[in-house]
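A short worksheet on the structure shown next.
Lettered A, B, C and D in written order, each chain numbered from 1.
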Amino acid sequence: MKIKIRVPFFETSVKNYIYGDAVLNYAKAADAASKEYDVDVLFVTPYTEIRRVRENTERLIVLAPHMDAIKPGRGIADVLPEALKAAGAQGVVLNHSEKSVTLNILRKTIDRANELDLLTFVCADTIAEAQALARLHPDILNPEPTELIGSGTVSDMGYVREVIRAIKSIDPSIMVEQAAGITTAQQVYDFIMAGSEAAGAASGILTSVNPQVLLNDMVRSVKRAREDLTMQKRSSPSLL
Amino acid sequence: MKIKIRVPFFETSVKNYIYGDAVLNYAKAADAASKEYDVDVLFVTPYTEIRRVRENTERLIVLAPHMDAIKPGRGIADVLPEALKAAGAQGVVLNHSEKSVTLNILRKTIDRANELDLLTFVCADTIAEAQALARLHPDILNPEPTELIGSGTVSDMGYVREVIRAIKSIDPSIMVEQAAGITTAQQVYDFIMAGSEAAGAASGILTSVNPQVLLNDMVRSVKRAREDLTMQKRSSPSLL
Amino acid sequence: MKIKIRVPFFETSVKNYIYGDAVLNYAKAADAASKEYDVDVLFVTPYTEIRRVRENTERLIVLAPHMDAIKPGRGIADVLPEALKAAGAQGVVLNHSEKSVTLNILRKTIDRANELDLLTFVCADTIAEAQALARLHPDILNPEPTELIGSGTVSDMGYVREVIRAIKSIDPSIMVEQAAGITTAQQVYDFIMAGSEAAGAASGILTSVNPQVLLNDMVRSVKRAREDLTMQKRSSPSLL
Amino acid sequence: MKIKIRVPFFETSVKNYIYGDAVLNYAKAADAASKEYDVDVLFVTPYTEIRRVRENTERLIVLAPHMDAIKPGRGIADVLPEALKAAGAQGVVLNHSEKSVTLNILRKTIDRANELDLLTFVCADTIAEAQALARLHPDILNPEPTELIGSGTVSDMGYVREVIRAIKSIDPSIMVEQAAGITTAQQVYDFIMAGSEAAGAASGILTSVNPQVLLNDMVRSVKRAREDLTMQKRSSPSLL
């Protein structure tokens, strides 16, 4: 059975900004924040660190950055789903803009992930793409429309709501994350208040002055948004 | 400084035939054989197992199956050389027929490997390609000419000598390995007696009835060939 | 303005089965059939023959087999949309199973085609993919589900209707073609009677004993299906 | 039999800077210059214009910008060597930095070109790559080392001579062209005087104010260099 994620959640990735022990230290900080604020944190780590991150953290949900739609056998540098699972991965990122695949391959890879109970975290570039990819029923969709990247102002929230509505109209069970250009904890809060089930950041954290502090602030923002949303619902139940 | 390899050596890879604990068990068997026969063994393992194999073996020389010519930074599923090194890899396979790259990329990746003191194990498909790739001065060249695959008879040895001569005429410091279609310990012995500095097998071992026994036999054959070559040299010094 | 296609239509491609003058001869046979039966025929031709086919036929609608989402400038072997248009192409095939692209690239290429009034003929591998691609609103969708390939029996027609319904529910203006494994004129007739707006064949014709005769038969089948459908509608208007 | 090229020659390409009739006009200007100065001109044109350029020029040697190592059959958007030949191409550019291929594919494509008597014009990025590719024995090698691009000063000529020597030491029958960053007719003259058998330009011409005038000047420079080289040889025969 796939691991259950509690929404709203936070997601972060180290890409290739750091490596070796620095990944483990960052993972431990993410794990500590996850426990401190009782917020689920998805952690995308390079293949080489999957096992170590999983073995040395308690609450992180560990994702691989990609996998190939293969079965055990040949393929010397292809990434075997079973190998990720055995190393401790609980999910996988697919179709990231830095590792895009054809629709056909994406569908087959989602099938393999489902066979192995790996969460599928699928990225899209525009609202049209997000709607197309919703037809493949991933667990999580992360639309990063270029329209959204940058300003971080309140006016963006209209777009956020539109993309969520567009995806949910096709498959309401898909969790929608926003991670486009997030650099502050306030943005994390705003995106979740606008209806996102998750917010995420990688470059925004790892190129900041103090990554672990910013990471902690962002996870706390998820908790704050969760509480404020609960409050809102209680005070205006008719809006549900 | 790159790790020094003592010739003749043996090389094996698990490709994606096995995963998880089975990789570790196979690595331990290879490590035991390496110690038993005092023969260097290069072990190519999926990214996810590099650290575990390295930490749980003593003599194996651990190689990654591929890496990208990138520097720390973006690139979510690209394989960062520094990450391999930090995980314990001592070298890298490049241009395997199941993961071929352009000449331009290959040259840049060899440069990155040299910067980090990672051994470069480069594959070629024909003698012409082997000669071309010798110009990039990898540490080890593994020509797998289709001409060589299959018969395993003595007549092949003419080809083996030809390909070794072709490579050495361009750069005598390149170590030449033969791994084309090897399925028996006798072939390992024959290739090394014919002048190869190494022999290797992956599919031939992992699709056999008892992989660990065959692996052990092959490593022993390297030792036997080493001793017989030493004997030959002693008895006919003028042939040097 | 894009050229208007009258449904039902027929589509054929030469892939790389023939080249040079044989392509022109095949195109002339297709053009003659198009005129003889008053049926629109889409003709997919290698880049090198686009201009010659277009200049030497009267009714064919000429399509390129692929194009890149680029604008005039660099890119020595990339296929420039403007170059196809200038050579006479009226449309383009995208995402053929022998030339698949990422969803992101596909979307950008459809945008470029629309800018230049080139028809977009998009291929999909399964019903799920067809539905995903319908979100990109191509002019024509050609689902080739493996489920459909092969038997050619009446029972397949349930699938045909399902895939048409699945696509039309997302965008009713998309024309749906069936081309999966068609080898006989009767199949062309059956697919159109089942609701397809078009049928197509390439390998089925070009590997047959007498391609030009089979091609002519298939185009005639489109006419026959059109007439029978018209008759049906007249005799049972309430079913509309 | 492959067409014979007389050295020194000139080479130009339109890449995707222009398309349609503009390609034909540029080709006619190149053809006129070829005749005016009695200099062979290689003309690389997009696939769609190969036939028209060949049919409407007299002396140009027409090259395709790429081809795939396939034989007649499937592959809807692959570029079939036979199709290029039938359209009038007399050669093909391979491994251009904007369309690089693996060494294995390059070798197979050169084989296909040789089968069809198509000239092979192969590009390399550095001196090391040029030497590697010389082992595949193309007809023409076009090294575009980054070291060479830019200054256009006399000091570059040391590099030019070095790369020519490096290639000729492996296969003296390979013709060496320089095309790295050429923007003036004087550079064409200098490169040929330094020992190159050809000079070429694409971007340098097509982004200039008056491409046809610059093209004509460059072809005239080839003639001037040819005459000056002949003169040199006559006056100092002992230097041969």
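We adopt the following convention: a residue touches a chain if its C-beta (ideal position, glycine included) is under 8 Å from a C-beta of that chain, and two chains touch if they have at least 3 such contacts.
These numbers come from a predicted model, not from an experiment.
Common neighbours of chain A and chain D, listed by label, are B, C.
Two copies of one chain, chain C and chain D, touch each other, and the residues they use overlap strongly: the shared fraction of interface numbers exceeds half.
Ranking all chains by how far their C-alpha centres lie from the centre of chain B, first place goes to C.
For this pair, chain A with chain C, the centres built from the Cα atoms lie 39 Å apart.
Averaged C-alpha coordinates give centres for chain B and chain C that are 49 Å from one another.
Taken residue by residue, chain C touches two or more other chains at no position, since every residue touches fewer.
Taken together, the touching pairs link the chains into one ring where each has two partners. Pairwise, the chains that touch each other are A-B, A-C, B-D, C-D. Residues of chain B that touch chain A in their complex: 13, 15-21, 44, 46-52, 65-66, 70, 72-80, 82-87, 93, 96, 98-99, 202-203. By the touch rule above, chain C contacts chain A in their complex via residues 95, 97, 100-107, 124-126, 128-129, 131-133, 135-136.
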